[in-house]
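You will see chain A twice below: alongside chain B first, and alongside chain C after that.
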Partner chain A sequence: MDDHLTGILSNIGVISFVALSAYLLLLTGEISFGQQAFFAIGAYTAGIVTAMWQLPFWLGLGAGAAAGGAAALFVGLPTLRLHGLQFAIATLAFAEAVRILFELFRYQVMRDGEPVGPNGIEGFPNIRYIFENDVSATQFMSIIYGLLGATLFGFFLLERSRLGVAFRMIGQDDLLAAAQGVPVFRVKLIAACLAGAIAGLGGGLYAHLTTYVEPAIFDVMLGVHSLAYGLIGGLGTAFGPLLGVAIDIGLLESTRWFAGYRMIVFGGLVAVLLIVRPRGLLDERLVHRIRRIVSRRPPPAPASATILGEESS
Partner chain B sequence: MIPFIQTTLDGLMVGSSYGLLALGFALIFGVMRRLNLSYGPSIMVGAYLGTLLYIQFGAPTYVVAIVAVAGSVMAGVYVERLCFAPLGVGAGVASMVSSFAIWMQLEQASLLMLPRHSYPFPSLTSSELLSLGPLVVRPDYLIMLAAMLAITAALHVLLYRTRFGLGLRAIVENSVAASLSGIDVQSTMLKAFALASAIGGVAGFLVLSANQQVTAMLGMWATLKGLIAMMIGGLGSIPGAIVGGLVLGVIEVHSQTLFGPQVRDLAAYGVLFVLLVLRPGGIFGTTAISESVGHRGGDRWTTT
Partner chain C sequence: MIAARDVLLSLFVVMVSFGSGQAAGVKAKAEVSCSATPKPLEYDCTIKLSDPRSGAALTGLEVTVGADMPSMPMAHNVKPAKAMHGNEPGTYRARIKLEMHGDWVVKVDLVGPVRDRIVKSMRFEPRP
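Right after this comes the complex of A and B.
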């Protein structure tokens, strides 16, 4: 596999984490413009742990995810009582504030005679753990997809759990969910925390993939894109946001077919797509249909065919 | 004391541009209960068309102004036809994402037109400062303030004294009932959208002529500032938009003088966040055009 393709696939994998994070909140019916903040927090935390404190990679990733989840809890407590646009704008305000705080954040240590660490608007270069430990690009890609697979498996389990049902119930109608005994606020807080941790994990991977992060990467554009991925790909399953990312980065950003006109093509495609399918390509109805086809049992043998009513004895 | 008053005055002047931007936003949100993220990029298309005429053919300032407003209206109508009209009520989220997609499109189209990061823009007045006793103001900002007040007054008359305004308010109240009483909902919404884009175009032209340059950041800037000002003032409220804009301007300019340019935006976002948490409806609480924001159902942005 050549380096270019590996790079694109790794990029798709990493961005999928932010898209999944926004998707998780979409399940509960909330729109967040701010998931990039947790991605940024995860990236900086993981970078600080491995590049500055010289601790192992897995610890860095874990710390990134934990920091993302903790930050989401912190923001979720005051904001999750808000609805719709108010929640969306509150998350936007938070994320932009975080980005500006990273512009002001300076924390460096000397390593091999050179300063290492976040340096305000200049960013945080030399997160070189991957290179220093001889992890090849392909190996790192497998790590990314391994973790992405684990996250998707987590979503698979979630969809089958009471918690997952509660998410979708709240997404449909939170008043009705509350009337059915779902602790709406607590369930939403869990969703926000999980979403923050997923974004934080992705951020840690991103920092080590690019070896360099700067505040400007984590602007509103990233947040709105990750939200759009879920809506393009579809809200039916966790594969929806992945499909969205693959379409945008895989088809448009990485090929040179539409050079100069990429955004015009992408924008038009999405707008037309949303007219035809307002809930994305893989929407709930399609997913349900696929699931029915997959799980359909083979027809019973002719001998056991009975007329209705005679069977019960 | 004088420096403090001067800073506050500067803030009010800057705030009047935010107020103008928020007016267009509030009009769209007030009528449709949907967020048009393409609002800023529509303004950008108009401004870039005007700039193109200005630097290519040396068009006079009034031509640039007309083209900026007309271009913004054209782009706005395009957005409405593609992202809002076909999706219908009940698709607030899809409309918003769709308008974001068109944002990308409009921005790239503008950049294909004029690829450099910044271009000169014709100025409206001389850059001499007017002095009011110990205080000074820039004349172009005074024009902006006057324009804001004039547009607000005109909008008020339009909404409360004309048949069009009555129809608009009826749609806000209940679009099905409005349609049953013979109001053409689609065309009224399109007109409201075009009107909002025109207000945005005016705002964009005045801001750019005060800055005497246009940059590629215009689209994002206009959407964010208009949105923040509207949220501070109150969702979809016309007086709220004005007050929100002025408050935002005063906060920004004060924090810039005290702590520097990076803290300027930080303070604005901080205030917005705290305000939303403590008073989600904005300063003006419930909205002026309508007081009901749909809370129930999967899509909470629809008129219910």
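Right after this comes the complex of A and C.
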């Protein structure tokens, strides 16, 4: 496969993690502009584990995901009692605080006579695990998509679980969900931790894919994009955010039809879709219709037709 | 069902073997400099590659040069350009076309006897 294509597909795979992370919170009705912070925490943690401490790659990824989840718990405890705009601003403030902390974060060790590790605003280069272990770009892409597949399978199970139902109930109306006996705060906290861990896992993959990270990467633009992917692709299924990523990076970026105007086109696309399809392309109604077609079940008869049928017999 | 289980098992084995690999990389040292061409947003980059231990020039490599804007990762990136061999051993030249001026990260990928990626943060200004 062409290296450029492999690179684009790998980018789509990695960014899908942060998009899925924002989507998970959207399911509970919360808009987070701060998922890039957990992505950053995962990237730095995984980089430190493999490049500085020389521990195995999988331990680095696990540590990145765990750090992302733990940070989400830390932020979620005080902020998840907030709602709507207040929560969105709180997550944005947290993400900016994390980015500035990484600008101040310096922790380096000497390896082969060279300093390795985060160096404030200059970032953290030389996360060279895939090069040191002779992992090809295609192999690494397979790893990304293997983990993305596993995450999607997790979403598949979640959608069919009581927890998944609770997520959507809270997303529709948290007061009503609470009245039905759903422990809203606890369920939201679980969603936040899972979302943080998914973003952290993606961050770990990103650090190893690009071999360097720096605080500027994790600014608000990444947060806005990750949120927009779910809103473009749709909130009816976990494939929605992936569709959003594929449209943005796969179509707009890779084809370069709009060159430097791509961001304007992307912004316009988000605005139009929010008006035309407020819950994205793959919204709940379309997903339900697709599922019915796939399972070849006839649509339920309208109530009036059933009554008429009963009357005629 | 058995097939799905086999696939998952194979994936697990590949992942585990990948994660426990032994370090075998040879690192390259690079000096990267880029200068503006008369064409707007086009830059000629010169890459000088050497072995960090011996200082010997690294030759016979396939070198590609790309760039990424850190403030918009994966949004504004440059299609990697294949570098040509320069006049001196270990020197390679490539022309990249950016989408805008500002801070970029230049990524130099090496394939061949040495496989590595070198990343340099650079500021690209308009030609004076």
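Note that the second predicted complex is superposed on the first by the 296 of 313 C-alpha atoms of A that agree within 3 Å, B and C clash if a C-alpha of one lies under 4 Å from a C-alpha of the other, contacts with A are read in each partner's own complex, and residues count from 1 in each chain.
Quick note on the criterion: a contact is a pair of C-beta atoms (placed from the backbone, for glycine too) under 8 Å apart; a residue touches a chain by one contact, two chains touch by 3 or more.
Every value quoted in this text rests on a predicted model; they were computed, and no experiment measured them.
In the superposition on chain A, no contact is made by A:183 with either chain B or chain C. In the superposition on chain A, A:175 makes contact with chain B only, while chain C stays out of contact range. Once the two complexes are overlaid on the shared chain, A:84 sits against chain B while remaining clear of chain C.
With both structures placed on the common chain, the touch criterion links A:125 to chain C but leaves chain B unconnected.
By the touch criterion stated above, A:263 is placed in contact with chain B and with chain C alike. In the superposition on chain A, A:143 contacts chain C only, with no contact to chain B.
Put simply, chain A uses residues 221, 260, 262-263 to touch chain B in one complex and chain C in the other. Looking at the complex, you find that chain A touches chain B at residues 29, 31, 78-79, 82-86, 88-90, 93-94, 96-97, 100-101, 103-104, 171-176, 220-221, 224, 227-228, 231-232, 260-264, 266-271, 274-275, 278-279. Of all residues in chain C, those touching chain A in their complex are 11, 14-16, 18-25, 27, 52, 64, 66, 68, 70-77, 79-80, 99-100, 103, 105, 107, 109, 115-117, 119, 121. Those residues of chain A whose C-beta lies close enough to touch chain C in the complex are 3-4, 7, 11, 14-15, 54, 56-59, 112, 114, 122-123, 125, 128, 131-135, 139, 142-143, 146, 206, 210-212, 214, 216-217, 219, 221-222, 225, 248-249, 253, 256, 259-260, 262-263. The part of chain B that touches chain A in the complex is made up of residues 29, 35, 37, 82-83, 86-87, 91-98, 100-109, 112, 220, 224, 227-228, 231, 235, 262-263, 265-266, 269-270, 272-273, 276-277, 280, 293, 295-298, 300-301.
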